[in-house]
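Here come two complexes built around chain A, the first alongside chain B, the second alongside chain C.
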Partner chain A sequence: MPSSRNTLARRIARDKYLLLLVLPCVLYYIVFKYVPIFGIVIAFKNYSLFKGVWASDWVGLRYFKMFIEGPDFWPIIRNTFLLGLYRLVFGFPAPIILALLLNEVRQAFFKRFVQTVSYLPHFISNVVVAGIAVMFLSPTTGLVNQIIGALGFDRITFMVEPSWFRTIYISTDIWQHIGWGTIIYLAALTAIDPVLYEAARIDGASRWRQLIHITLPGIVPAIMIILLLDIGKILEVGFEKVYLLATPVTYSTADIISTYVYRVGLSHGNYSLATAVDLFTGIISFLFVITANTISKKLSEHSIW
Partner chain B sequence: MKNRWKSSARAGTTLVLAGSLLAACGGQDNPPAASGTGGGTNEPVTLSMMIATHNSWPYKEDWGIFKWYKEKTNVEFKIEAPPNDYTTAVNLAISSGSLPDLMNVTGLTTANKYGNAGAFVNILDHLDKLPNYKKFLDQHPEVKETVLSADGKSYLFPVYGLDKQSRRSWIYREDIFAKHGLKPPTTYDELYTVAKKLKELYPDSFPIGIFDNLGPLNNMTYGFGTANTTYYDFDKKEWRYGPIEDTYKELVTYMNKFYKEGLVPPDFMALKRKQWQDLFTQNKAFIGNDYIGSIDEIVSDNKDFNLNFMIPPKGGPSGVAKNLNNGFITTGFAISSNSKKQDAAFRFMDFLYSPEGIEIASWGKEGETYTVENGKKKFKPEIGDFTKMRQKYGFATYGTYAVLDMEGFFSTFSPKMQAALKDFDKYEAKMQPRVAYTDAENEQLSTLNDSISKYKEEQVAKFILGQRPLSEWDAYVAEFKKLGVQKVLDINKTAYERTLKYVQQK
Partner chain C sequence: MKQRLQAFDIINIVVLLIVSVACLYPFVYMLAVSLSDKIAIAKGEVWLWPVNFNLDNYRYVFEDGRVMKGYRNTILYVVLGTSTSLILTALGAYALSKKTMVFQKQIMLMIVFTMFFGGGMIPTFLVVKSLGLVNTIWAMVLPGAIGTWNLLIMRTFFSGLPSELEESGKIDGLSEIGIFFRIVLPLSKPVLATIGLYYAVGIWNNFMGPLLYLRSQSLFPLQVFLRNIVLSGELMNGEASASSDLQIVGDALKFATILVSTLPILCVYPFIQKYFVKGALIGSVKG
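Presenting the complex of A and B:
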């Protein structure tokens, strides 16, 4: 034992600067990510702010039951899941396609310009994005409807048609994040050995062939990791934009877990219910990631762990 | 409903408006009554207080109002005014256990919830220190109902007087009506005819300007003798749910017709107040429904532009010309149970309900903000309008008053606004009771009400937009039984009876 402690001490002494470098990050995770996990106990308690976490009464699974047995349980799970799924199906490939297109652009200025412009929306707040969407889609003054009207079609009242809600949400989401999403793929693309392209060209492969057989396989590890992480986020549909874009008529497609938690839990100060719902979705998201990871491990050799 | 109400009340206070005469608060003709400040000791003391702050007149350290209070009571304040999200700030203060001596709370439910948990002092145990507050309650029995908790205690010092300024009302473009020789509608049939005519005259317009989801229905339902939520029917002496009544269906039928024929903006659900106001200045809407203060607030470069108060149209055969009555402002004061300076806090609170305190809250200080001419108080002309007064001196905002005599502020408004406010009371429905629920009831109501109001909002909107035919109304009504409307009514009945019993006892 003394010898092993010795080596540990020696290793710490040897790497002290590296350890010092990583320390803030570790502290951040402990203080802001791990310590608050204990707060989950309030999901099983009738939490009273004044009494505090420990003195509040235990109520077991009462809040989970309240959520699951409520009349809104299935609709909001379905809405959240579908919104997350569509975001994955349409939103996930979008940056990959843009990155591949940018990669084919030979003119450096144009490429940089497109990259910068496509990043910008990522930094616009959701409140503004929702405002822009509402204005563009307005049935009287909105640009989209003016075009539709000019083409001789009937104007569409986008914001009050439940069937349009998901399309609006997903398309604004893609617009917001497509540029940002390309960064990681563009980085992966630069790591591909140019020799491969040279060899392919000598063998007479077309640009398309090069894309299929060199570029894509080159970024598959990045794609897989991001896909797995995104699968874990299916149920994590952000509150803000949904809340801002929804109207009562679109509840049938737009009411999701986070808006429900806000209405029933947070706005009434029922933190126990809010925590219970969050814990519930956390567990489901966790299951999603594990399943996806296992499948990916079996089918390809890429996985998160 | 409750949240909407709260947020609209907050929005309402941004308007520059008048209140109305509140005779009960003592006009300037009354000789100043002797006012004890409870206890009698006047030792200098510093209290900590947390108050909400209003975006349009944020808290300033040099506000005169607290200086004037200090001159009379020797109570000085160390004020904490969190700049935004007051509810979170209150929750944080409560969960951290370091409560200020005195604090502004957002409403009865909050006060009762934390009061029951032990954070606030039960005011009824200290009434002997509060002679002026006691007198105030005796003079205003309707207030008493609104400050009790479910077990007959009271944790909230109410505010009184400013509420009239956030009333909902119908408004119309008087100049346009006069120009075309039209008369303001008195019934919904007339409303339909006149809107049709205006649409012919201004084809680009949507004569009946409504906005903000189904918010306008909160007021419109009262013209049909129903309500947009659970309400107490004072004639039948029972709790009812408005949105399933036949009268409510009549309103929805009208709204559907208005929508179909382009008499309301097609995107009214997504419209916000600013866009809605623009409709009026751009001659795109002529009749509207919002805070009465809109008649002064919406201004246009067009010198003929004239918005005025409109008598609420009667809806259907059983209709009445009434507006919604939002009742008193929900915020108030609470005293921390941990405070070591409770007696001073009680002394100060009692002062706010005394004639002297009311005078400072409503008029300020003689020579500084007002002068007395022929025994009549008058604001000095240089202190500006109501908004400026609030910004500069801290008049009439969170934590700076308990009771206001609105007469002074009233004199700072436009003549048509003053006239409207005089008429207004006649067309106001009786105030709905404000009921205190137990914690268990609150929890049940929060989930029940959520499903119910969500279903209502969604379906009513669909009926109006024509996405669901009105022939399915009966199926819609039946659905509410499944969602537990009866239970909500029962809880309200029990809670209300409980409150009435306490009121009679005390």
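Presenting the complex of A and C:
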């Protein structure tokens, strides 16, 4: 073994400058990513501010039991899962359709205009998006309710009706990301061999048939990969927009894992319970990614690793 | 046949126009309302173009100290945060682009693992707190300093640079650090611009960070003030002085506040759009 230790020492000496360059980056990951991972132990302890992480008393699975047997368990899991599922069902196909439509546009200027305009909402902050939604949906002065009123229907109090929360969340989500989502599909579309279209035209295929038989199969690999990534992310519903759009009256549909963890942990100060909830769902989410990938590997050759 | 083709095109163009209008109209409407006279708004006359143009709402927004204070803080965080993030990311990405480097595989594995599993909100908060960063500027800079996705994009870019360039640097007697700063960085302006813009927009729009880590008003960035004014209904100076149509004035003021805080992105966006797209493409090819 001394020879291998020697080569390792020699390699370290050879790469000392590169190691110096990567050092701050490694320190960042250790301090802000790996120390918190070890901090998860507080899920199994009764964390006390005064005793600190290590000295707090072990309580085993008490907080997991408390969460699973508590009244909040099913609503929270269901809300998170349904929000993620609806986002997948409606949010995933939207950019594919838009990309296919853009691909059929012959006027280069018009295509570029639609692209530029539809990418824009991706860069607007969640606070602004939630703000716009709340103001436009306001029952008294909101634009949407003015139109509903003018058409002779009853005004809808969107923001305080639990039944509207998911629709509002999903539609603002599509508004934010539909354009940006097209980029990867448009890139895949440029890789399709133009000869295929020429051959189809000679055979008398209409543009609709070309779309179905050439364009769509051409982007199936991209679609599969994105679908896979999205299924893996089904429980990762972003904190910000839900936190901003939800009010206590809509919690029955709007309270999700991350907002619950925030409320229990930082507002009520129950760090251990909040961490237990986070870990529990983090593990489920991790299993989702792996399952999605395994299934996809079995069904086709597409996988993310 | 020709007739059908044209119908296909027309429907397509109409659908795409609707998409474009849906993306742009909220901004047009907010601009029109915020620039209009409150009587016209109350009558419901404003929907596309300002009626009885006036800048009162914007005057109130600028007279109310919070938006300006938020602006100052946000700009400080964006400048400090983007430069810190870019330096850390570029240094790490360059070293990790050298596949022969000792520990390269182990470090990459360590980094990629964090994309799938993390400590979560509370343990991260406790780390930030125990480092004494809570309620300081650094809480806005350090906890999110490196985006793993951005690091991977930059690494892909660096591995694509021709190795002859670096060989020539070595012959001239430069160390890896010298090669990085004198040869690699000057060639990497496009990727630095792209990733820098990603970081800048991320910090500008960040709301969860300040919600978790900041306590005092004097440190709040724009997004937090914006939430307090638009969503939590904190009153603005102008509203207290307005008498009757409180809600109408309130709405117009809120629209003005939203637009003022989104203006930088709306203005520079058309010019920097191509950098964003370039970054998304490098990322997707890798992913």
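One rule holds in what follows: the second predicted complex is superposed on the first by the 263 of 305 C-alpha atoms of A that agree within 3 Å, B and C clash if a C-alpha of one lies under 4 Å from a C-alpha of the other, contacts with A are read in each partner's own complex, and residues count from 1 in each chain.
Note that in this section a residue touches a chain if its C-beta (ideal position, glycine included) is under 8 Å from a C-beta of that chain, and two chains touch if they have at least 3 such contacts.
All values reported here derive from a predicted model rather than from experimental measurement.
Of the two partner chains, chain C is the only one touched by A:I184; chain B is not.
In the superposed pair of complexes, A:H268 makes contact with chain B only, with no contact to chain C.
Judged by the touch definition given at the top, the superposed model places A:F109 against neither chain B nor chain C. After overlaying the two complexes on the shared chain, residue contacts for A:V249 are found with chain B alone; chain C is out of touch. Contact with neither chain B nor chain C is seen for A:W54 once the two complexes are overlaid on the shared chain.
Within the superposed three-chain model, A:V134 lies in touch with chain B and with chain C [touch as defined at top]. Counted by residues of chain A touched, the larger count belongs to C, out of chain B and chain C. Of the two partner chains placed by the overlay, only chain C lies in contact with A:V117; chain B stays clear of it. When the shared chain is aligned, chain B comes close enough to touch A:M66, but chain C does not. Residue overlap on chain A between its contacts with chain B in one complex and with chain C in the other: 134, 138, 140. Across the complex, chain B meets chain A through its residues 3, 91, 94-95, 97, 110, 113-114, 117-119, 213-214, 265-267, 269-270, 442-443, 446-447, 450-451, 454, 457-458, 460-462, 465, 467, 482-483. Contact residues of chain A toward chain C in the complex are 8, 11-12, 14-15, 17-22, 24-26, 28-29, 31-40, 42, 53, 98, 101-102, 104-106, 110, 113-114, 116-121, 123-128, 130-132, 134-136, 138, 140-141, 143, 146, 175, 178-180, 183-184, 187, 206-208, 225, 229, 239-240, 243-244, 258, 261-262, 265-266, 271, 274-275, 278-279, 282, 286, 289, 304. Of all the residues in chain A, the ones that touch chain B in their complex are 48-52, 66, 70-72, 134, 138-140, 155, 157, 159-160, 247-249, 251-252, 255, 260, 263-264, 267-270.
On the chain C side of its complex with chain A, the touching residues are 1, 4-5, 8-9, 12-13, 15-16, 19-20, 22-24, 26, 29-30, 44, 47, 88-89, 91-92, 94-96, 98, 101-103, 107, 110-111, 114, 116-128, 131, 142-143, 145-146, 151, 175-177, 180, 201, 204-205, 207-208, 211-212, 223, 226-227, 230-231, 247-248, 251, 254-255, 258, 261-262, 265-266, 269-270, 273, 276-277, 280-281, 284-285, 287.
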